[in-house]
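After this come two complexes, each holding subunit A, first together with subunit B and then together with subunit C.
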Partner chain A sequence: MEPAVHTSGLRRTYTRRRRDTVVALDELTLTIAQNEIHGLLGPNGAGKTTLVKILSTVLLPSAGTARVLGHDVVTATKAVRSLVGLVLGGDRGLYDRLTARRNLLFWGALYRLDGRTARARADALLERVGLADRAGDPVEAFSRGMRQRLHLARGLLHEPRVLFLDEPTSGLDPVAAAAFRRLVLDLRAEGRTFLLATHDMDEAAALCDRVTLIDRGRMLLTGDPARAERFLGDRECVDFAHPDPALIGPLELLPGVTGVERGDGGTWRVHTADRDATRRVLGWLLDRDVLTARHGRPTLEEAYLRAVGDRGMRV
Partner chain B sequence: MSLLRVVWHAVRLQVALSRRSPEHALVLLIAPMQTTTMLALTLAAHREDVVANAVLAPGLIGLWVASLDYAGRIVTEDRWAGRFPALIAAPVMFGLVVVGRVATVVLVGTAAFAESWLVAAVGFGRRLTIAAPGTFAIAVAATCLATVGTATLLSAVFVVSRARDVLQNSLGYPFYILGGILVPVAALPDWLHPFSRLVFLSWSADLLRGAVHGDTRGWLRAVLAIVALSAVAMAAGLWLTQRYVDRTRREGTVEFA
Partner chain C sequence: MRPVLRIVRESLILGFAEMSAVYTWRTWTFGWLVRLLCQASFYALLGHYVGDDATMRYVLVGNIVVLACLEATIVVISLAGERRIGTLPLLAITPSGHLPVYLGRGLQWTVTGLTSSLVAWCVLPPLLGVPLPWPRAAYAAPVILLVLASSYGYGCALAGVALRARGVEWLVLNLAYGIVMTFGGVNVPVSVWPAPLRVAVNVLPVVHGLQAVRGILDGAPAGHVLRLLGAEALVGAGWYAVAALSMERLVSAGRRDGSLGHAG
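After this line comes the complex of A and B, so read on.
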């Protein structure tokens, strides 16, 4: 079966100033099967949005090839556009002064839906994303979550077989984000393929069949979320409080300790490579009268940052 | 057919947007004031023979201002509002959306003709009669078509040149002169005539004035000239708009950074 998405040696560079070239995607080769939910993980500036834009024909690649359901995104642009839906996250991208329904009808026309079909689908989608009661309200009165759902409805209007979602739950409250994820799973059950660009590791773990980690445009790995977790390294940590920083030096030298971070108010987090190392740390702390310690697992986000390095706010 | 549907939906989109954006109608405030000024000057000079010019000129200026004012905004506003990526990701030519939206604004601009006529009738007691109403209607229709084509071209030129404000401010008066709106082309220096005839307004102004006075000689040639200039401008506008879309895709400037 033709893969939903296939890229080969895909590269995209931007020229910011004369001779100042930024590599946004670097030799990316990726295959996504039909009916898969594929997570694209990475921090800001990793190249996630660039890939989504290239696959949805909004951006041209500098080199390499990208195909969607067998159609080249550069030479068969029109065919690709009919097959894919693009859902960009955020508050923007809609006609704010128009109603939700009017927005959808306009986009329906751009996808060449006849009037009756566009109206029927707009109403059905508004119902499905929970906006039926607000269909006649101007979008400017919508919350971020409602706009996000309207974005999804717009992306689904022409019944695309492949959907590209870029940070779709960014800024949503947990309830809205959970509802959004349920909707994605329902749509997958209908046979659609998703490429979900996100930096929310837990979201990717909850939704995706496979994930690809990218950083600075380069692929770090592709595999099931468990493999990504293994790649991201230690998933054990010990939190404790102690006022004397002198304690930390010897602690860092214990076998299996991969790092120690200082928190607020004399708190510390010790990262360990495995369960044995965690036991060793707990015993060591107990011997030094540190009687209150908590064993846990860092978030995927923290693990990701440790794996690719914290570059602060630089992109 | 589906292409016309896209244009039609862009028209409806613009109607809906303009209904919720009263500032779009501000252009209609200009025509009554210009009519008042021109008619006052004309009548003060006892030039009853050019009353028609004074009434028709604000209508043409209204059309031009409507297209000039709004044409430059469409693409820029879509980019600022983050709509541009989704618009160009759709499987239709983005230029058609621009055409539909510009057409709506131009149609609103035609109200300037009615405003001028009303100001002349109510304010100055001069009821302008049209000796050749059929020719006049054809002239108005052709002029609207040409304005849509020209506005589509201007829209593309504005975004490609990135000098919208400068161009908007500079393209008013020169076109009123070259277009024979304020004074007939025949009254301009001979060397200006060839340039003037490249501006559809020059044909429109002559045709409209001729229709009012019943002088319809050469009306078909004038209409064909207007339609031809409209087609050239429309084709150039669509081509340039597509070039702009392609450029943003190539350079990665679809959205403002």
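After this line comes the complex of A and C, so read on.
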């Protein structure tokens, strides 16, 4: 079966301030099977949105190829556009002065749906995303979660087979985010394929069949979330409390210790590369009368942040 | 044809919904429309002050007809709004393509432009004591419609430019209208300009349509008026072609350089 998405050596660069070239995607090769929910994980500036834009034909690649259900995104733009739906996150992309229903009818006209079909689909989708009761309200009065659901309804209006969701739950409260994820799972059951660009590790673990980790445009790993967790989580950690910071200097020098973080109230977290290093740290602490320590694994998010490096706000 | 008409219909609904954020029918009528009537009256009275009754009629007719252009070119602002609210990339990837929407996004201003111009045409001349040769003067109405159409094409073409250079929509709108108002034969006949400028203004909307209106009022031969109308239609068609090219280029350049999704 034709993959839903296949990219090969995909590269995208931007020219900033005339001479400065930024690589947003670097030789990205990725295959997403049909009916899969694929998570694209990475921090801000990793290249997630760039990939989504290329696949949805908003942006041209600088090099390499990208195909959606066998259609090239550069040479078969029309075919791709009829097959894909793009769902943006955030407040933008909707007409605030129109009602939810009118927004969908507007986009229905652009997707060349006849009046009856557009009205029927708009009503069905509003019902499905839980906005039927607010169908006649202007979007400007909607909460973030309601807007997000309307974004999804808009993306589904022409019944695309592949949906690209760019940070769809960004800014949603946990209840709204969970409802949104349930909706995505329901839609997958109908045979749709999803590419979910997110930096939310928990969301990826809860929703995705496979995930791809990217950083600075390069792929770090593709696999099921458990494999990603193993990739990131071969690392372990040891939590303990000790009032004397002088203890930490020698601890950092132990083989296999990848870092030590200071917590609140004299607590510390030691990151280790493997199980042997963890044993070494526990023994070392025991020798120094630290009798209470907890061994564990960092969350996927912590491990991810450590894997891609801590670069703060820089993108 | 039906899909395009549906897009036009939805665009009009959207346009009037957005307009309702700024105006109610009362504030539009007693605020905006009255302001336009005052503007036309001001120039007409100035014409009377510096000239005579003929000058006053010349200036009044020019300022009434140009109202259609003033409102039609506000499409520049409506289109710039698409970038601000982040719909540009979504519009660009719809199967209909961006062009029908882009060309339809300011249609509400053509409705208000036609209303303003026609109300002014009926109200101001008797109010200011400027006699028009009725019923012949009624033939000005379809000409104003043509001027409106060509001006809208002009606005769409410039909107394509305004959308590329972000944050310049008000500058473009004011320049676009200012150029027509100053050089388009509204207050001063085109014939007074130096020869190169006289040639250049032929590409502006309003110029030929306004001359046609003056010809109708003066009882000019039908052939002469029709030639002027043909010229106005040709100028309008040219601006629509520029608009289509300009918006096509906006999208193709945006897909190349990544500027399509940028906020304004």
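In this text, the second predicted complex is superposed on the first by the 272 of 315 C-alpha atoms of A that agree within 3 Å, B and C clash if a C-alpha of one lies under 4 Å from a C-alpha of the other, contacts with A are read in each partner's own complex, and residues count from 1 in each chain.
The rule is simple: a residue touches a chain if its C-beta (ideal position, glycine included) is under 8 Å from a C-beta of that chain, and two chains touch if they have at least 3 such contacts.
As the structure is a computational prediction, the values presented were derived from the model and not from experiment.
*Asks:* Taking subunit A as the common reference for superposition, should the pair subunit B and subunit C be classed as clashing or as fitting?
*Replies:* Because the two structures are overlaid on the shared chain, the partners are seen to clash.
*Asks:* In the superposed arrangement, which partner chain does A:A141 touch: subunit B (first), subunit C (second), both, or neither?
*Replies:* Touch status of A:A141: no partner.
*Asks:* Would you check which partner chain A:A120 touches, where first means subunit B only, second means subunit C only, and both and neither mean what they say?
*Replies:* Neither partner.
*Asks:* Following superposition on chain A, which residues of subunit A contact subunit B and also contact subunit C?
*Replies:* 14-15, 50, 53, 56-60, 78, 81-82, 86, 88, 90, 92-98, 102, 105-107, 109-112, 114, 138
*Asks:* In their complex, what parts of subunit A are in touch with subunit B?
*Replies:* Going by the criterion above, the answer is residues 12, 14-15, 24, 50, 53, 56-60, 78, 81-82, 84, 86, 88, 90, 92-98, 102, 105-107, 109-112, 114, 138, 154.
*Asks:* For subunit A, which residues count as touching subunit C in their complex?
*Replies:* Interface residues on the subunit A side: 14-15, 50, 53, 56-60, 78, 81-82, 86, 88, 90, 92-98, 102, 105-107, 109-112, 114-115, 138, 158.
*Asks:* Give every residue of subunit C touching subunit A within the complex, in rising order.
*Replies:* For subunit C paired with subunit A, touching residues are 2-3, 6-7, 9-11, 13-14, 17-18, 20-21, 85-87, 89-96, 100-101, 255-258, 260-261, 263.
*Asks:* Quick check: in the complex, which residue numbers of subunit B touch subunit A?
*Replies:* Touch list, subunit B to subunit A: 2, 5-6, 8-10, 12-13, 16-17, 20-21, 81-83, 85-92, 97, 249-252, 254.
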